[in-house]
Amino acid sequence: MFARAFVGRVMKGLELRSFKLLAHVISRLSFFLLTVWVGLTATFIVSRATPIDPSVILVSRLLALGSHLRPEEILAMRQQILELYGLDKPVYEQYLSFIRGVLSGNLGPSFAFFPTPTIDLIRNSISWTVLLLGFSTVLSWIIGNVIGVLAAVFSRSRMSKALEWIAMVLYPVPYVILAILIFLFFSLVIPMYRGVGGAGMLMPSLSVSYIVEVLTRLSIPALSIILGSSASWFLSMKALALSVKEEDFVSYAIIRGLGRKVVTKYVMRHSLLPQITSLALSLGYIFNGALVTEYIFAYPGLGRLLYQAITNSDYNLMLGILSYSIMGVALAAFVLDLIYPLIDPRIRYGG
Amino acid sequence: MKTSNPFKAIIGVLIVLLTFAFILPYFAPYDPRRWATVPRDQPPSGTYRFGTTTVGQDLFWLSSYALRNSITLGVLTAFVSISIAFLLGAIAGFTRSSILRHTLTLFIDSFCLIPGLPVLIVLAYSWRKYLSPVLIALILSIFGWAWPSRSVRSLMLSLRERPFTYTALLSGFGMIRMFFYEYLPYIIKWLAVSFLGLLNWAIGMETTIAVFGLSSLEEATMGSIIFWAMQYQAVLRGIWWWIVIPILILMLLIITLYELSKIAGELIGAR
Amino acid sequence: MDLVLKGLNIEGGYELPEVYVDAVSNVSLELHRNEVFGIAGESGCGKSTLIKILYGYVEPPLTLKNGSIELYTNDGHIFNISSLSPDELRKTAWWRHVSYIPQNAMNVLNPTTRIRNHFTEMYSAYMGLEKSEAYARAQKYIESFGLPNDVLAAFPHQLSGGMRQRVVIAISLLLEPNLVLADEPSSALDVINQRAALMFLKNAQKMLGNTLVLVSHDMGIQGVLTDKIALMYAGKIIEVGETPAIFENPMHPYTKALVKSLPRLGDKAQRTGLKGQPPDLKQPPPGCRFCPRCPYSKPICQKEEPKILEIERGHYISCWLR
């Protein structure tokens, strides 16, 4: 009773017309926070519950690089790491400082590129990853869903069945294998492989030549992701659209004599809604695919950075990449969740 | 049991692969993992059916051995994941407490959203020294359970809401008896489809981690073969069989398992 | 031309994987101008199937096995509905000369589209109008029905069930067709909204002078709104007549029992129902389909299907008694 009045006041104040909209936003916000919390906690546990000692790694790393360190310097360095990880403090304090560090962007130095802060390395790579990921995800979602709807509306045609066969071969194949296959294809069969990712030697600018260069180098790894993802969206959309086709409002459109184009529009609009929700939740999985694709194609994003971190035993960098990957994916999903009401009038104008 | 042609073909391929993986290794004339047992870089021929690697391994026997490891690892992962998924999903679906249901659902969904690969990589890196197929399987299971758990939950929710559940409860059926007689067919179907799906996911995930260099050091898996091939620049040097053959085998296995799961889904149809 | 629709020997049903459901068996009827024709009967008697067949919306698993359906327009054109495909009907007869109000009409509006777009889609599909012109047209149209203006801007879920029903009725009359087929246009509504929707429909019919076919299991509605009633049982029409005659002088044993079971003002006698169930249409019985439940059945009723008798002018029954 009291809560209702309070919520009503808040809504009036924010000029929100729909209770459902408010509920939706709050629910997705809490999911976002929960996901970030679970993810960062998992990262923390992983980083502490290990049989390795990060300070030892750092020192041996530096020694391996051939730097000659005096015993006092080694001690000082180990002390720095100890403070960074707070390994001398109780666990909950470590946890809090870890969270604080992640949220403020202070993750400490990279082990391999000591003393460059890891955050700088991540910042350079993350925009490339966002570019590849955004580009491929949007394209494959659109392609897969549009073709899926058409295949459902024209479900008896041969093309529809042929496409389904192709999708059923592409869909189960893991991103890593698809990436390698595309890589092999463009290295051995059609040597189009000029060099991938980033922009070669060009300096960042808004010129057409720069943009063209970026896009050309982006296209092959993007193709690898798009092939796998489109197949997945195609299959799920076709099944979804087939069931939407059976709904009353679709047969009413047919009865009214509205023709294939309008019916397709009806089916598509209605089926896209669950596909957006699906996209929001699948972002983690797609991100995994982007990571491994970047590695295979040596594309200068987080994937390649992660591989470098592994080969360089750069433990701190790994943790940084992990933390920001989780937060990035959760944030992207949250943004998508906010877009959803714009398309579903039942939430936007719900009672 | 359907005896149509596609079904027969799929079972056939599966039998060939399983034989290759589990029976053949016993006939290997040498330990395929050891380096320098055969001449290096030989293309596929009569003597070395799949060719040889740059470090002197017979790819044919090595693949057979690695496939066994990959499949076993996958099965173990699928088994552990499905158990966790079933437990959490069933609670989330069946519980009357809406707080528990909502929290558990959010928790499951968060594990679906969190990108598992970086976590698994960091974990595998930390435990590099101790990595064995069993440990890898356990590590993979940390994320494998999430998506299947969602589908268990919705399965349980739908079963719980069915009219016969209420009537059965009202007419005094014990929960356990009801569980077995009414729900079992749906659950078995779900288990079959999910298990195969998980198996595919696990094999793919293991390959991915191996390609990053984080697989078991002593045991060979399909993924680690690919990793070493990449390390030795196999493609650039023209030793294409070292990468292509394991990939073809993996694709064959994965597509076959997927087709099988589709058939399982249709066969064990709902009443 | 007074005749609007002529259906002869219509046989139709559902082709299921292992069985054929004989839903409409040997139905013939005639519809005339400016009348409200009711089709009554219990659930499963085939009235909805018949309506779909009359409209020509025959999509698998529904099939038309036999029969001819002819639609006569004002300008002398004849559409052979039974022989045209849904695609052809869409381009020629649908909505312009015959329209359809489906069952469950409250839920047939597109949840993600505003009401006004439902109208503009029709205007643009049938008259090629531009959006702005279509909007204006829709506005005037809605007003002519006495519906509030802000209905157009709303989404279906923002309107009440009764309002949605009236919108669907308005849509059906958009192109002023000769014939409107309404399948249970009010069953899902509460009594008050039911009355409003039905009066809405009846007034529109009076205004336009067209033919309205009203399918409903509710005899009360049939009694108030229709001029003629056809009663269906197990896929067959068992009695047809003018509404007053049906209620005051029911001839067929089924109709007799049905009318007797209706509550009447002042009559405090106990109501009785018929024992038994309608036959399974997957394996319909030979002979008269009502025979198993009929209190007057003769041996011949089991063996042969009764012929159609004209009892008095315009009043037909299908029965062996008489």
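Chains here go by letter, A, B and C, matching the order in which they are written, and residues are numbered from 1 within each.
Note that in this section a residue touches a chain if its C-beta (ideal position, glycine included) is under 8 Å from a C-beta of that chain, and two chains touch if they have at least 3 such contacts.
Computed from a prediction, not measured in an experiment: that's the story for all the values here.
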item	value
Interchain contact steps from subunit B to subunit C (minimum; 1 if touching)	2
Chain separated most widely from subunit A, comparing mean CA positions	C
Pair of chains joined by the greatest number of C-beta pairs in contact	A-B
Distance from the mean Cα position of subunit C to that of subunit A, given in whole angstrom	54
Centre-to-centre distance between subunit B and subunit A (centres being mean Cα positions), rounded to whole Å	23
Contact set on subunit A toward subunit B in their complex	30-31, 34-35, 38-39, 42-43, 46-47, 50-52, 168-169, 171-177, 180-181, 183-184, 187-188, 280-281, 283-285, 287-288, 291-292, 295-296, 306-307, 310-311, 315, 318-319, 321-322, 325-326, 329-330, 333
Residue ranges of subunit A touching subunit C (in the complex, touch as defined)	248-249, 251-259, 262, 266, 269-270, 273, 343-346, 349-351
Residues of subunit C defined as touching subunit A within the complex	55, 57, 86, 89-91, 94-95, 100, 102, 104, 107-114, 121-122, 125-126, 155, 157-158, 171
Subunit A partner contacts - residues on subunit B that touch it in the complex	106-107, 109-119, 121-123, 125-127, 129-130, 200, 203-205, 207-208, 211-214, 223, 226, 235-236, 240, 243-244, 247, 250-251, 254-255, 257-259, 262
